[in-house]
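Below is one structure; the comments refer to it alone.
Order of writing sets the chain letters: A, B, C and D. Residues in each chain are counted from 1.
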Amino acid sequence: MSETSSSLTLPDPSPRRTTFSGTLYRGNEGMWSWVLHRITGVAIYFFLLVHVLDTALIRVSPEAYNAVMATYKNPIMGLGEVVLVGAVVLHAMNGLRIILVDAWPWATKHQRLLFWIVMGLVAVLMLYFTPTHLINVFSPMDGGH
Amino acid sequence: MSQSEQKNEHSLGSEGASEAGDPSAQAEAAVDATTADAQAVSAGGTTPSPADSAAEGTARQVEPEPVEEPQSFPVTIIVRRYDPEVDEEPRWVDYDVQMFATERILDALHRIKWEQDPSLAFRRSCAHGVCGSDAMRINGKNRLACKALVKDFDTSKPIYVEAIKGLPLEKDLIVDMEPFFDSFREIQPFLQATGKPDKERHQTIAQRERFDDTTKCILCAACTTSCPVFWTDGQYFGPAAIVNAHRFIFDSRDEASQVRLDILNDQEGVWRCRTTFNCTDACPRGIQVTKAIAEVKQAMISGVKL
Amino acid sequence: MADQSSVTDGIHYHQHDVVIVGAGGAGMRAAIESAPKASTAVITKLYPTRSHTGAAQGGMAAALANVEEDSNEWHTYDTVKGGDYLTDQDSAEILTREAIDAVYDLENMGLPFNRTAEGKIDQRRFGGHTRDHGKAPVRRACYAADRTGHMILQTLYQNCVKHGVQFFNEFYVLDLVMAEVDGAKRVSGVVAYELATGEIHVFQGKSVIFATGGFGKIFKTTSNAHTLTGDGVGIVWRKGLPLEDMEFYQFHPTGLAGLGILLTEGARGEGAILRNASGERFMERYAPTIKDLAPRDIVARSMVQEVLDGRGAGPHKDYVYLDCTHLGAEVLETKLPDITEFARTYLGVDPVTERVPVYPTAHYAMGGIPTNNDAEVLADNETVVPGLYAAGECACVSVHGANRLGTNSLLDINVFGKRAGNNAVAYAQTADFVDLPADAADGVVKLLAQLREGTGTENVAEIRKALQETMDRNAQVFRTDETLQRALADIAELRTRYPNVRIHDRGRRFNTDLLEAVELGFLLDLAEILVVSALNRKESRGAHMRDDYPKRDDENYMQHTMAYRVAGDIGLPQEIRLDWKPVRFTHYEPQERKY
Amino acid sequence: MTATIENPNYAYPARSAGRRGPNLEKAGWIFMRASGVVLVVLIFGHLAFNLLWTPGGIHAVDFGFVGGKLAQPFWQWWDVLMLWLAILHGSNGMRTIVNDYVHKPTIRTVALWAIGIAAAVLIILGTLITFTFNPCPEGADLSLLPSFCAEL
């Protein structure tokens, strides 16, 4: 009977402990893809907030906008952009996988294979993007026309 | 008794077993040997009972032909113990037990309870995976202790055993199951059909097959407590409740599918499923849980297709 | 409707019209009848869905004649003959007649039976079930793959949810309260121990139904769950009520060798064959007509005989094979999926391509608490205890006689569970509560205190193991005076050690250490009754096979054994008085049992 | 006793019984998938055009480049659609995460409101800017502006 459970009398159930007490749950591909999906999603969300705001500077003045954009062109930011694009690609590909898994019995059954296909696609896309982008980042250009 | 003596009895004991013509003689001899070894390992353990020596005595006979006998080996089991009357927080406790490869983790827990520490509390009943009592987290994954075989683990490392996650911990490996059954009860898990037929309601083989998978559920909670959404939000109905709803939604005899779909079309219903497939992997009955949930979602969008 | 609870002196008091002890098939079937009509409490040691009904596999017999000609009269004949004519024939007639509605009830409640091409309930063959009085095997067992018991348990639980049955989960009933009213002993209630908290609850009820299942844990190799420790049967026994036919204990032929895990007879119903080491289909020698589908006692005995004669398989020649390889992967995966998985998981043997090592395993108690056809418990051969009912494996109606046919137990729990529920409600609607004696809970409080605070040195697990080993060695499929005497001496010795057990867990919450100690007490009681009853029956009949008396002796033993407890507190030697009870006949004259 | 272990949040929100207003979970679920597919096209197009296909990539992105793009209705609609869908998709995702992990009612309410307000502000701001944007502001340094401004 539930009233006997001591836990119900506790003042403040702490969900943090709920999640992290004991060993880490050893889920398989499905669980880790979900973890990645969450992390990339949150990261992209916060970038999105910033990105909309910095783009809004375009309404202030060309100088203001260009000043902000200049920061995106520094090499450290350039590496960050690779990570960001990686997150976007991963989130996108895994999102498509989730849609398939939701809608298509074959995909539900072979979700594990699909996860690795997603990883493969992400790798291919990033292999295309990363060098192209890094060459741009590290080429000596002064940013004007 | 000395180690060498023990070893001796060990091999002879098992081989002589067929002499007795006793069905369980083999297993018996094996268990006897194990007991002796386990006692040697756990200092301060119990003394061998007369029955042990008797069994070993009768078994000490001429052996017909040399047979390759399975060997037991030491396994370290680390159990996350918690006694609410004493402990502030759960603690990990190590136990060394002698195990055979074909034995189950449940056997290891029994050996701990019966030979080393009788205060260890866990639930179990049928011991072969049909009653659903002993769902627990073994090496970080939900399984039934009676279906987890020692040979499937790397025994060079300790095996970690702890209670399932997300339900209130009561003691050691026992959690409060009431919230879990509350969710089950909430989806109206019973056939709702009008009219009283004289005999059986008819159903084709194909119609029966449609929901076969989800009839296997034994309500062990391995799926629900493997779900990351459930861990953080106990209000989520959880896979088990949805599986049982599926069992009736897709039963051609049932007339209340829409009621159940409405119940599950909730903030805490099927839409919270994030398709992590932990539930499918955890199900000891091999139910395609995530697929069942997907089918319920599809039924909500485009109607029930029997 | 009475439905109250209160706390006095730390003891919880509850009042319900009908109190059901046990939530397996029989208990829940009774609850479904009684809950809509009266306040009903179901008190159970386990969560209802953990009950061992769920482990039953093969099917539930009923002469529906969905796939071939059949009649319940044939079913009665098979049941009587299967029980080696010790079956009470009027009871068997009720069982087989009400079987048909019992199956339809379950189907209407939602049970997903396998279907025929026309959409009707499909049926399969099973041991001992024949057409036209033994001519050939008949398809009588209604089934849901090889998890019929699971589906029955789930369906009954689902319907209990539907009816809002009030469950007291993980409440362990330890005593039956009886009180004298106008010179007659009547039921007043039960006393239970709440596992989660260690608190004592007294349930007052107008009628009480015991549906507590069997006691297979007196044996070591058993298909039974760890929790099947005969608590209900033991409680009734300690109250001075008799037990019937305790010597008849069924060994299921096909347990996984060395483990005892059940492989359904339905496998043989689908065509699987038993073979010895040389591959011979040995059942052809023992039961030429129906071979592998002979009743369980005969098949189990034949298997043991093969092993004793040196024709066993394996390194120790101590088991035989169940050969399913010719059935094909599809039949195994669709009709016998669970047992296929059991063999794969626990023995690493794939039934699709390999023969599965099997050996008889302790399975089912034909005997138990004597009841009449209305499920009312008997205080002697005729006198009913008003308000007390029993159904399921813990009860002995007796529909199973000396040997139960496969699929008749799932039938038994449904037919007599329903009867118990209906009759208990009818009784509760006319009767008044019997006042609880002031000391209702004292016995249980004392028992638990004794155990919990004992300073002994004995270990519960060791005593239990010794008991199980002596029972396996001395009171199994073949018994002699000598082996039974040995068992009796061992049990007597263990009984003297029992009061000296030490409980290591002194806590109150989920004290499973204490629980196991209490259970051991019941096991010791019941094992002793079994052995004493077996010693007294100097014949071989059904599941009771005496090597020293290999023939059936209708002249002296065509009667039920009734065992009474004369004296013996827990831990002290018991004094058991044996008596007889006549078998009730209707149409069938005892004949030699040939298949 | 301080048994706080693995304790789920049963005190926290009631299920269907206490539900008020329409249930948008299903709509939200469908929206996440539909918008997701469209966003893959929009964002991949956005990234490819800006970072890969334009010579110089990130170095080419400045007022002149963006202004040039936003002067065309095609890119205006592209960006506005992307803005709306991305903000809604992201905010709904954040709402889910808050629902999962934030259990204190006050913090939860604050977090959900913050997400909602941020979404509203950004969508309105972004939309207004896109449609009221002047690629050739008066008095600006011509060298910073899109090339076509010179022709005006």
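Going forward, a contact is a pair of C-beta atoms (placed from the backbone, for glycine too) under 8 Å apart; a residue touches a chain by one contact, two chains touch by 3 or more.
A quick note: this is a predicted structure, and the numbers were derived from the prediction, not measured.
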Closest chain to the centre of mass proxy, which here is the mean CA position: B
Chain pair with the most C-beta contacts: B-C
Distance from chain C to chain B - Cα centre to Cα centre, in angstrom: 24
Separation of mean Cα positions, chain C and chain A [Å, integer]: 58
Whole-Å gap separating chain B and chain D, where each centre is the average of the chain's CA atoms: 45
Centroid distance [mean C-alpha coordinates] between chain D and chain C, Å: 65
Touching two or more other chains - residues of chain B: 84, 90, 163, 165-166, 168-170, 179, 231-232, 297
Junction residues of chain D, two or more chains touched: 1-3, 5-10, 101, 103
Chain C: positions in contact with at least two other chains: 169, 196
Residue ranges of chain D in contact with chain A within the complex: 1-11, 33, 36-37, 39-40, 43-44, 47, 51-52, 56-59, 61-64, 66-67, 70, 83, 86-87, 90-91, 93-94, 97, 101, 103, 118, 122, 125-126, 129, 132-133, 137, 140-141, 143-145, 147
Chain B - residues contacting chain D, complex: 82, 84, 88-90, 163, 165-169, 175, 179, 186, 229-235, 237, 263, 265-269, 271, 297, 300-301
For the chain C and chain B complex, residues of the former touching the latter: 46-47, 49-52, 54-55, 103-104, 107-110, 112-121, 144-145, 147, 150-151, 154, 158-159, 161-162, 169, 196, 220-221, 225-227, 257-262, 304, 307-308, 312, 315-319, 338, 341-342, 345-348, 359-361, 459-463, 465-466, 469-470, 472-473, 476, 503-505, 507-513, 516
Residues of chain A that touch chain D when the two form their complex: 6-8, 10, 13-15, 17-18, 21-22, 38, 41-42, 44-45, 48-49, 52-53, 55-56, 58-59, 61-63, 65-66, 69, 72-73, 78, 81, 85, 88, 92, 95-96, 98-99, 102, 129, 132-133, 135-137, 139, 141, 143-145
Contact set on chain A toward chain B in their complex: 1-2, 4-8, 15, 18-19, 21-31, 33-34, 98, 101-103, 105, 108-109, 111-112
